[in-house]
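Before I ask anything, let me first share the structure, which is written out below as structure tokens.
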Amino acid sequence: MPLSDLPLDILREYRPEVAQPADFDDFWATTLAESRRAGSAPVLTPASTPITQLRIDDLTFAGFAGEPIKAWVVRPVDTRGPLPTVVEYNGYDGGRGIAGEKLLWATAGYVHVFMDTRGQGSGWGSGGDTPDPHGSGPSVGGFMTRGILDPADYYYRRLFTDAVRLLDAVREFDFVDPNRIAVTGGSQGGGITLAVAGLVPGLQGVMPDVPFLSHFRRAVEATPEPPFTELVRYLAVHRDAEERVFETLSYFDAVNFARRATSPALFSVALMDGIVLPSTVFTAFNHYAGADREIEVYPFNGHEGGQMHQWVRQAEWLAERI
Amino acid sequence: MPLSDLPLDILREYRPEVAQPADFDDFWATTLAESRRAGSAPVLTPASTPITQLRIDDLTFAGFAGEPIKAWVVRPVDTRGPLPTVVEYNGYDGGRGIAGEKLLWATAGYVHVFMDTRGQGSGWGSGGDTPDPHGSGPSVGGFMTRGILDPADYYYRRLFTDAVRLLDAVREFDFVDPNRIAVTGGSQGGGITLAVAGLVPGLQGVMPDVPFLSHFRRAVEATPEPPFTELVRYLAVHRDAEERVFETLSYFDAVNFARRATSPALFSVALMDGIVLPSTVFTAFNHYAGADREIEVYPFNGHEGGQMHQWVRQAEWLAERI
Amino acid sequence: MPLSDLPLDILREYRPEVAQPADFDDFWATTLAESRRAGSAPVLTPASTPITQLRIDDLTFAGFAGEPIKAWVVRPVDTRGPLPTVVEYNGYDGGRGIAGEKLLWATAGYVHVFMDTRGQGSGWGSGGDTPDPHGSGPSVGGFMTRGILDPADYYYRRLFTDAVRLLDAVREFDFVDPNRIAVTGGSQGGGITLAVAGLVPGLQGVMPDVPFLSHFRRAVEATPEPPFTELVRYLAVHRDAEERVFETLSYFDAVNFARRATSPALFSVALMDGIVLPSTVFTAFNHYAGADREIEVYPFNGHEGGQMHQWVRQAEWLAERI
Amino acid sequence: MPLSDLPLDILREYRPEVAQPADFDDFWATTLAESRRAGSAPVLTPASTPITQLRIDDLTFAGFAGEPIKAWVVRPVDTRGPLPTVVEYNGYDGGRGIAGEKLLWATAGYVHVFMDTRGQGSGWGSGGDTPDPHGSGPSVGGFMTRGILDPADYYYRRLFTDAVRLLDAVREFDFVDPNRIAVTGGSQGGGITLAVAGLVPGLQGVMPDVPFLSHFRRAVEATPEPPFTELVRYLAVHRDAEERVFETLSYFDAVNFARRATSPALFSVALMDGIVLPSTVFTAFNHYAGADREIEVYPFNGHEGGQMHQWVRQAEWLAERI
Amino acid sequence: MPLSDLPLDILREYRPEVAQPADFDDFWATTLAESRRAGSAPVLTPASTPITQLRIDDLTFAGFAGEPIKAWVVRPVDTRGPLPTVVEYNGYDGGRGIAGEKLLWATAGYVHVFMDTRGQGSGWGSGGDTPDPHGSGPSVGGFMTRGILDPADYYYRRLFTDAVRLLDAVREFDFVDPNRIAVTGGSQGGGITLAVAGLVPGLQGVMPDVPFLSHFRRAVEATPEPPFTELVRYLAVHRDAEERVFETLSYFDAVNFARRATSPALFSVALMDGIVLPSTVFTAFNHYAGADREIEVYPFNGHEGGQMHQWVRQAEWLAERI
Amino acid sequence: MPLSDLPLDILREYRPEVAQPADFDDFWATTLAESRRAGSAPVLTPASTPITQLRIDDLTFAGFAGEPIKAWVVRPVDTRGPLPTVVEYNGYDGGRGIAGEKLLWATAGYVHVFMDTRGQGSGWGSGGDTPDPHGSGPSVGGFMTRGILDPADYYYRRLFTDAVRLLDAVREFDFVDPNRIAVTGGSQGGGITLAVAGLVPGLQGVMPDVPFLSHFRRAVEATPEPPFTELVRYLAVHRDAEERVFETLSYFDAVNFARRATSPALFSVALMDGIVLPSTVFTAFNHYAGADREIEVYPFNGHEGGQMHQWVRQAEWLAERI
């Protein structure tokens, strides 16, 4: 419940260097190119739902290696012409759930696309529908150590690629205005948001909330609560793996995406957050390359962050930019 | 995490007697009559919100003793003629929050009215806006022991009256079809739902989820987690107050409302719930007077119950009845 | 169990500035004047108790707004002439209990007056007997956020006024020597003690133990255990209320009373206290205006502090001054 | 927080058989005789204390094997003639503390004698002053397994003998009326009380509160909280010791003392007690040999039991008998 | 710490029916046949280790689908002729670790083979070396829900097959006497032991300690501690999956293997075990088909069970049979 | 789970002064001389065990005051000529267990001697066999405060003397090469290892793992988890004992032994250890007098440290020196 990290005035200046592999850009260019080659056309099917005042479709698109990934697409019923669009990624262990769980952006007039997280979706909520058809070497329960010994095998390589490929798919929809797209997500969804922001130029808004997956070294050494602790547990057992693990993680550190991201950004951070330490969020924020960047600070919240308060803030901020 | 109560086959038959004061009906008739006399006209003001695809109004209506109570009213934008309506009550320690937090029923074509809970709304979420302008004798932190020594002073007398008075107000709106109204709520909101169902005839649906406030004697003796434990703590200190406390509670036991309620009902219960024990829910359900009653059982859930899964179930169930 | 705060050598110098409203003195002068006008004569009634070697009376006096407040008055049986007197305030959530629970000062030859805490007295011990007949806006369970949005409504305005008014009453008793009065209390009782010390001149002793309610900003940001966490929870929900909340609290910060208090003082502090952080105690102590001030440090205790050890210390210290 | 054991109506009839060694009486007769032979005269020294309205002496008496044991003796200042006397034993891990901590019985006109517990007195409160100069085989932290493999070596053999020898000493004081003596204590003190009641005839009152040390078999198998768990931990490691351990314990089971005790008795029990299970208390109560026996039930309390409420109850009950 | 389940006398008779799929034997016959067809010859390589008094080899053998699985083989240095052999499986989340961690059976003159657990080995200890190259649908962290919706995909299908295939491999070693082989393991390793016992006839000893994976229905409903709770968490989210999940689990329930197992068996069970409930162990034991079966009961232990005590018991028991 | 202490680069330089009594050397010289005078010849008896590939003897030797202490001696079966030897001490609350629990050093060709810890051995594992026939003044559960008010009475005086006397005994065995002896142990065993290293010259290896008992002042003030907290609890009750307690502890601080120790040393430390803080380990390491000293750092482990990984490291390190 008390402050979980450094005082705010120090956080505002906190900008440590974070390891960056020399072939970071090559790695991702190759990864995306390969998956794009494996792609197929997205499929939209009307969802079965009691909801009548919005239109909800079940989307299947080609993610990493062309594997089928699910998402929900929610939009106003009376759509004339393409609409501005918000693509959202989910928090750790959650799935896209049942059609209709996330309605806010659509009721505000946007197309809203909510991506399922491969393999996840069994920890809380109403479930997910997307498998992760990739095995793994020895790993800790959870997803953070699956394939951790090689960037090519790491779980987040697949997930981040899904997220980029979703943007590829969304831009082709006739009801989407490809020049008015924003990305967002909380916690893990915020980390994915930053990854996408570093890999996809020309977004109108990047809105990571209490983003996870930044500055792994500090996160691993200082975070008291799961899921960063999965990495600690792995390293506690695999005592010789420290170097390889952090080498792998450097390809996925949100900080390394942030320093390549130039679209307008609205972050949030919570100063009593024990799951995502504020210093890791500020590391990403202070490295963020775009000049138009803001961060909303919630001094007394834990990892729940700003909740509806932050959504209203985002909606106002985005309306000025999209 | 394991089952928190009796096995399901025993729960289905569990129907213990629960104390009922001789003047129960008089008490409530008098209470409601007094507050109705103190009433004033409800006021609807458009809410400030980024939401454009639904209409949201800020409602102030006259609750207990005519005191002003807040609610959100959300409905489809293009309303022609009166609509079926769902009135919802909130869980313990929550407030109505920010306009737009509860959108499901309105996107399904209903008028949705979400009542603020007097005095509450600071424990989680985005806050409440309604004071409870009544002091109290010595009480435990929380709301369950405020005024506990006299039914006339007890907090829930005021809250249940607010809930009934909200129905009075809602029925007068021109966009509401007064013959197609349902009530619902989870946890404390489910307890309020049952109270309303026992006090207001002619509802088209009564949908309490994992309802709180039933069979106080058992709840106090057997519930491991808050907030029933507030009563335990009070009784542990006020060692002479047992009789008076349970006397007061008998006027507010959801079981005593359930045996007077005849509208169609859809309950839910979760068998690993440590906050609201399944046996207390089944006591209310098995005493429920209406013949058209069902209960959805979630065998592996805690107090979160069925979540979106249950909402879809409710929407389908209600569509057949309203 | 480890040290809960800064090292002792730093604490001894720790004297941060604490916000102080411009009209602090006016606020309290007005508050006390109003309540004094509403006052009525105290009433003493012999308590029913098996105790025969001391005399115990049940006191009702006029507190805030003239409202009746209870206290126990315990004194030696054979009293000739007025006696030195110790007035004591209670810790959070406790009540004055049953006659006879606090006997030490009386057995040492003092008149001992133990004030009930309005509304409290249901959390532990044997109960309280004093209502707090004031409602509240949305608040967290507990007493720390009741009326938090306006100093005029704040719970502690009423409680501190009760405490001062008790001194007014006590000074009139013929068995009390009005020039030999000390005040004391542990935790919340210590915070009240400091408030009284800042509002009432001419006391012979001010003995706050592990006093609560000092330096709210730091307490809110850094205290791991309840009840300061009630404020955190409120602020986490009411995300826009930070400024108003701390504005209100500045009228009640024990530090602001301490800097007006000039009577001799004996504090205590415990360095492993996770409920009242040592830095907040030292802030009050280091700002205390009186030159005759000491602090007893318990390096290995938690919030229980010095217990009987500290009482003996107090009795010796007070005997030299009263 | 919920009920920790069987329902009350079943507890009232709960009277299982408890193992009893054939030589139980011999064992204790021999033990006491040996220690009585080793005895020396008690020594009373005025205590240093700020207390003036009662007289407090520091007592050293000969306990087990004649070893010096400490106690506090508190009594009214103006004593003419011998007084009725209450001898009290302490709870687990506590010591007699500082002179003046226990004043109630003396302020009610009794001589009050509060025995220190050998070796204990470092777990909470203000400390103890009595060593236990006996080593032990391998044992768990705490006192419950010291010497557990042989009744002759068991810690409680020494402690119970101290308790009986204190009565021997007290009866000789000229200010004590030897025909008006009661014994009492809470938790471990209640267990000692029962042991004394079984070993010393002719007491005017036996008042065990939430007494510990009854029905070891059930206590070990079912108690969730320390200190019975010390026995579990020992047995978990010493997997072959079960038979010897329970054989030893049968010489110290309060139930076996209760069935020999004939003095008037007032028990207390708390139904939410997770440290001393109600079923173990009722086993002792239902086996108690005296016809004049009552039990005060606290349905909503944990191990704190009735506190001041129970003391008033005891004072009234004892006044009728002494 | 208290008993975690039914009393021992009831457990001894506890033999509930457990669901059994009609094609259970076909399913396993087909599974094993397929993997046997995919097999390749095992490879033994001397391990690098400071140990000189025993010989340790690193084994790679063909498991499920012929996938390479690791194990350690430890044996006496001076081996003349084939030796009796003990094959051991590991507990949940553990790996085979570093060569030399398990030495007991080899120092007692046996060949000891310790199988690595595919995918596991990162939760505690010194790690594992075997990947599980199979992806999964949405699953909870851990291994218990990977592929849970279809017996063909379920993680334990692969793991149990590995375990059987290890026996196939071991029987071919010239230093192993194929007519003197026993299997053992604790917790998950005990569950695997039972699976092997049901699938492989002619073993000389089956020694499951506190075996996991029995009577899933009860385990899921009643176990307070992980990892059975992984299933609860999955079912709490996938609210429609109950039937399919338990259908899948019925192919892997150790009870269904136990009723097919006829080799001599020595079980162990711990009555204060909150991870593997004693009732689930007794269900497997009471259904065990072999007439020569015993169970060692540890009344005061948790999931650690008998530890070295049980190994000595096993060594003596096995020496009489092998 | 996060780092429990200072960052590694600061720890490497962390070398605070630690109090050292003037008569430290005299105290220990006298203590050892007295016990040596009381000594008797060690007795070796073959242990009953299923183990055949190593030889195990049950050793009884004369420890402090000549009291009999147990140990296990394990060695290769075919021993020609004296062997290098490793003497090991155990962690807190553990006993030597059952013959055969510690086999590693013997399988690597060493004589391995594993000392029982007097009085301990009931907290975990398979038990101990050595009593501590010395009583104590008031003490906290556990062993850390037994006799704490006088160095002559303190528990660790006896235990450290046992440890030195074991070396005396071991050096006389014909199968031991007295010029090739190393000492080791984890946690408490590491603290004993350092004590022996400071008291016994000419060892070939000193290998303390995550050693306990260093820099008591810091440990007491900053360690969150038991058993250092036993000292905190004692000091919290015995509020006047601080000076005497730390005076006593200064005779037993591993740092004061380390600065006298000159044999080659291999430490280990775990940076997420909450039981033995890394800063206390580095204080001992940085004061260690021998020039040939190394420390293995486990950055992500808690108190389990390096486990088998560290043993392999030790075996390699020792092989180069012995």
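In this document, chain identifiers A, B, C, D, E and F correspond to the written order of the chains, with residue numbering beginning at 1 in each.
Rule of thumb we're sticking to: a contact is a pair of C-beta atoms (placed from the backbone, for glycine too) under 8 Å apart; a residue touches a chain by one contact, two chains touch by 3 or more.
Protein names from UniProt, one per chain: A, B, C, D, E, F = Acetylxylan esterase.
This one's a predicted model, so the numbers in the text were calculated from it and none came from an experiment.
Undergrad: What chains do chain C and chain E have as common neighbours?
TA: A, B, D, F
Undergrad: Touching both chain E and chain F, which chains are there?
TA: A, D
Undergrad: With centres defined by CA atoms only, which chain is the most remote from chain C?
TA: The chain farthest from chain C, judged by C-alpha centres, is E.
Undergrad: Need the CA-centroid distance for the pair chain D / chain E, whole Å please.
TA: So the centroids are 50 Å from each other.
Undergrad: Rounded to the nearest whole Å, what is the centre-to-centre distance of chain B and chain F, using the mean of the C-alpha atoms as each centre?
TA: So the centre of chain B lies 63 Å away from the centre of chain F.
Undergrad: For chain C, which residues are shared contacts with two or more other chains?
TA: In chain C, 125-126, 239, 309 touch at least two other chains.
Undergrad: So what shape is it, when you link every pair of chains that touch: line, ring, star, complete or other?
TA: Here the contact pattern is something else, fitting no line, ring, star or complete shape.
Undergrad: Kindly provide every pair of chains that touch.
TA: Every touching chain pair, ordered by label, is A-B, A-C, A-E, A-F, B-C, B-D, B-E, C-D, C-F, D-E, D-F, E-F.
Undergrad: Please name which positions on chain A make contact with chain E in the complex.
TA: Touching chain E: residues 93, 95, 119-143, 145, 230, 233-234, 237-239 of chain A.
Undergrad: Residue numbers of chain A touching chain B in their complex, please.
TA: 49-54, 76-77, 97-98, 100-101, 103-104, 106-109, 125-126, 307-309, 312, 315-316, 319
Undergrad: Within the complex, which stretch of chain B touches chain D?
TA: Checking each residue of chain B against chain D gives 220-224, 229, 232, 235-236, 239-240, 242.
Undergrad: State the interface residues of chain F toward chain A in the complex, per the touch definition above.
TA: It comes out as residues 1-3, 272, 298-302, 304, 306, 309.
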